[in-house]
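Okay, so chain A shows up in both of these, paired with chain B first and chain C after.
And now, the complex of A and B:
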């Protein structure tokens, strides 16, 4: 540690202004603060600071995402084995298959996103911000397994530049960066983002797990089945035609985007976020309440399969839980006032169900609902702040009359 | 039964080095100083010349805009220096103290027989006026105003702050006289906030018990809970130690700035209280009482105090000295990824929350993170117990949108109210500085 510190101190002058490597000073600073807590002390104001910083907050989110990511990897392998009839493959091989299938996506997202982030930090001359640590791991988790890498690269680049950097970087963005990436993919390359061809990898990964797809295979997600159903009592089935049980949905052994399937893993993530206080329970719980409420309303009419789904099914399927826990709670793009968080969360939940139920073209509504509410978050906050202002004005009027 | 106000939002930071209720030796200072930068809203005009012989209570400088507001020497002796900085800004006026202190005689007076104007004049003449501050703007009170109410909070809830019960003990009479004098200055009431269970009792004032974590004892919180300040209203606030000084003026007829200072902090070798005179040298308080190493000396508490050198002087309003490690020699490897059991955090992102509330922390002065744009939401609200939206007020101040600032409650706050927000902020934004600058600019704009 001492040697490392000494080494950094020796090479530091090179990165200072006028040094021969000064063009990389942001990268150097980023690395230095990554390794060592900056020893800068306070100059004005409080003399002591809480030891929590944005790095820690971000790393907590990444930590909370890991269970869902790891399970997602396993599920990729599991669904693949199911599709080729190799159900007796061991746990390790199943996981390794999934790991190798998912890893390139993570690498691509991070390399592209962080590359842009580094470059922008360098040009603007500020420190590298850690916001993309979270976006970079979210992106691979919210895409289907068979989305091509180059598409992810293009969409990530677009999202980081046009949804974040042009607005001023982390903390200034209007939209959730990971969701913009998904939206770009979704509307730019719909064939690679939806349908029944992309959610289960039927081919091999780096030569592993080659095989013939079994008869009766269909890669449609449960939500897609509901969206295209013609009767109201459609039975959801897995990819080889067996019925999907509530347990399957909870554990997550169903086809879907990589990170979204396991409610158990998401629950663990939610616990980490809530205990550490990084995410707001107000937003989280309101999304679920909003979703359940809207489903119950649709149940009253119940003319299509989607309308007839029980609230529990709605909340357990697709990206609802994932979006509620990890995406709706993004502090930058969601409502920032405490009252606003309830309203924002509730509306995300209701919008998701409305999109799911009423638009068969989009079996999943979470992404669009959150992006839509990202736009409305400042408006919600505006009214909450306005209420505070009005209270103050009323008080002043009362006191002059008294 | 007295009113009880219960505050829920806030944060008590359990630091190492609290003052125990014992008297420490020391406080004999060779020289004393008036430091104009302690007093907000003042343009100093120096009256004294180098070489002048002064008594305790002799005028050293006045406010240029309000010449009736005088700043007096706390001791008798000789003016040895008027130090100036850039643009001839007065940094401080130094008085070398005599061995025995002689005081100007302002005459004993019975407050009950005086009119408001006479009380005001007496306080102005004795140079005690600058200890009365006003809201809005958190500046020295304008002597031409008549405030709506006057507030005194004896609940000092800041980390390791002096316990007012101990400070006032033995000075109850002066404290009461001081409060009586204040009641003459307002057409409204004098509100006295005390900590729940405190032994402090005063008559002729509205006494309110306050309970809860810091900043429950901040006078802004008291005002906001009792009767918030509306646009156009002015209230005054006085610190309890200064109420005693006002009381002494009437009971003894002298300007006696003697006060108790709490000596605290993890880098002090002994902690307790010391009797000093306002404006004394820092070294006279903590000389020989510091642990060796790179230390930060703070005149005041760790949240809203001022950084000083050992050769500096005690801040005019301060009743506490804190010494903590500077921490600039500490290079913590992968700190952001460590469990950090020994570091205090309000969030539970580190595991120190498992150590319980009784654990005392020795916190150093590092910022412990990079400065960022505002990312996390709701952090400030949790430690800000007023009906104000701190994040939006800060944004309005940064944008200097006067209408918004007024609407969001700028008149009700002082920089110290944002100290805890600044402490918990993961983006490490200097909120108190932002508020101070905003208040100063606003004052210029409105006057």
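And now, the complex of A and C:
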């Protein structure tokens, strides 16, 4: 650590005004404050600082995402092996297959997103913001494994520019950037983002794991099976036709977007987020309550397979848990008032189920529900604040009259 | 001739192409700019139609400007525009039926295009017929220019074609390239308009609002 600090101090003059590398000063600043908490103090007035600045908070989110990401990699390998009927290749080979399949996506998302962020910061003379640290790891986790890399690059660039930089950069965005990326992919390249061909990699990865797909293979996710089901008592099956158990859903051995399948890993991530205080438990819990509530309502007069799913199934499948824990709780785009968080979360949960159940075209509704509620978050906050003001005025009037 | 194209008249004709563009500066006619620009061909036909209608409506209203009672001027303007739109619509039906089908209601809706009423109210009622004609041509072309630019990007990226001719080579598709379905949808036209406005304001700093 000491050596690193000394090294930074020796190269620092190059990036100062007039130094030969001064054009990269924001890059240097970004790296320096990433590695060390800055020791600059405010020059006017009194400010209270928390030692956990936004760079530290972002790192907590990335740490919380790691279990889901690592399991996602394993699951990519597992589903692949299942699809080609490979005999058990051992934990390591399975993981390595998934790791090699997922890694390029992470690299592409980071290179494109950070490249744009660095360029904009450089041109505008801003500091480099850390927001993309989280978006960059979220993006590969919420896409199907077979999404082409160039599509991810295009969508990431579009989202970072139009959903973030034009609004003023990190902290000013109205929409969750990672979800906008996914939405661009979803509407721009529907064939690569949905259906039963994209969620399981059947081909090889860098020459690893080549093989023939077994008979009876179907890459449809459980939610897609429900959306296309014709009877109400449809049995969800995995990709080779065996029934899906609740344990499979919880552990995450089902096809789906890379990071969303394992509820166990998401639970670990949720614990990290809540203990470190980065995410709000109010938003998180109310998303689940909203989802369960709406499912129960649909169960009352269920006529289709989607309507008849139990609340537990709805919450365990697809991106519901992932969205509730990592997306809905985004402090920038969700409601900020404490009461608002309950309302926001509840509406995210209900909207997700409504979209899932009533729109057969979209088996999954989490992305659209969160983006929709992102728009309403400021409105929710406005009315919560307004209600509070009115309540206090009433109280003040009463006490002066008394 | 010199008088016909005096510097003032040149200004009237050319300023709507950039500095006073009806779509990106005056923010008129955005609705149809989103609706008819999925392909280049309907966009060009729409541009020509609007140019013709706005130019001749301007001339007619300008000729009558001293005799129209002020209180019923909007009705008179509407009658003139409606007559011209009907003529254009019938011509399209006769000679360009396919495009007319694609444009569907939007030919008829030229009558509600804000550019028309805007130019009639703001220019034709206070200027001579020749200036009004130039103003109409200029604004029609300014509108058309934006339409064509939007449609160029939307057709190229959304369908891989230009004017219906395949321009993205088959090799690219074989290599894994896919047309962007979002480009066909109207929301993406909004982004393209926004990007044009962005570039336009970045170039013309005097148009930037604080």
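Here, the second predicted complex is superposed on the first by the 376 of 402 C-alpha atoms of A that agree within 3 Å, B and C clash if a C-alpha of one lies under 4 Å from a C-alpha of the other, contacts with A are read in each partner's own complex, and residues count from 1 in each chain.
Criterion: a residue touches a chain if its C-beta (ideal position, glycine included) is under 8 Å from a C-beta of that chain, and two chains touch if they have at least 3 such contacts.
Just so it is clear, the structure is predicted and the values come from calculations on it, not from any experiment.
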- [ ] Look at A:238 in the shared chain and tell me whether it touches chain B only, chain C only, both, or neither; answer first, second, both or neither.
- [x] neither
- [ ] For A:374, decide between first (touching chain B), second (touching chain C), both and neither.
- [x] neither
- [ ] Kindly classify A:135 by the partners it touches after superposition: chain B alone (first), chain C alone (second), both, or neither?
- [x] neither
Task: Partner chain in contact with A:188 - chain B first, chain C second, else both or neither - done: second
Open item on the list: With both complexes superposed on chain A, which partner does A:286 reach: first (chain B), second (chain C), both or neither?
Closed with: neither
- [ ] Look at A:261 in the shared chain and tell me whether it touches chain B only, chain C only, both, or neither; answer first, second, both or neither.
- [x] neither
Task: Touch count on chain A, higher of chain B and chain C - done: B
- [ ] Check the residue A:385 against both partner chains and state whether it touches chain B (first), chain C (second), both, or neither.
- [x] first
TODO: Based on the superposed arrangement, let me know which partner A:395 touches: chain B (first), chain C (second), both, or neither?
DONE: first
Task: chain C-contacting residues of chain A that also contact chain B - done: none
Task: Contact footprint of chain A on chain C as seen in their complex - done: 176-178, 180-183, 185, 191, 194, 198
- [ ] Please give the residue numbers of chain A that touch chain C in the complex, ascending.
- [x] 148, 150-151, 154, 162, 166, 184, 187-192
Task: Residue ranges of chain A touching chain B (in the complex, touch as defined) - done: 1, 4-5, 33, 35-57, 59-60, 127, 129, 131, 168-172, 275-278, 280, 331-332, 334-338, 341, 384-385, 388-389, 391-393, 395-396, 399-400
Task: chain A partner contacts - residues on chain B that touch it in the complex - done: 13, 15, 228, 230-233, 296, 298, 302-305, 307, 322, 324, 326-337, 340, 343-350, 363-378, 381, 387-389, 391-392, 407-409, 415, 419, 422-428, 430-433
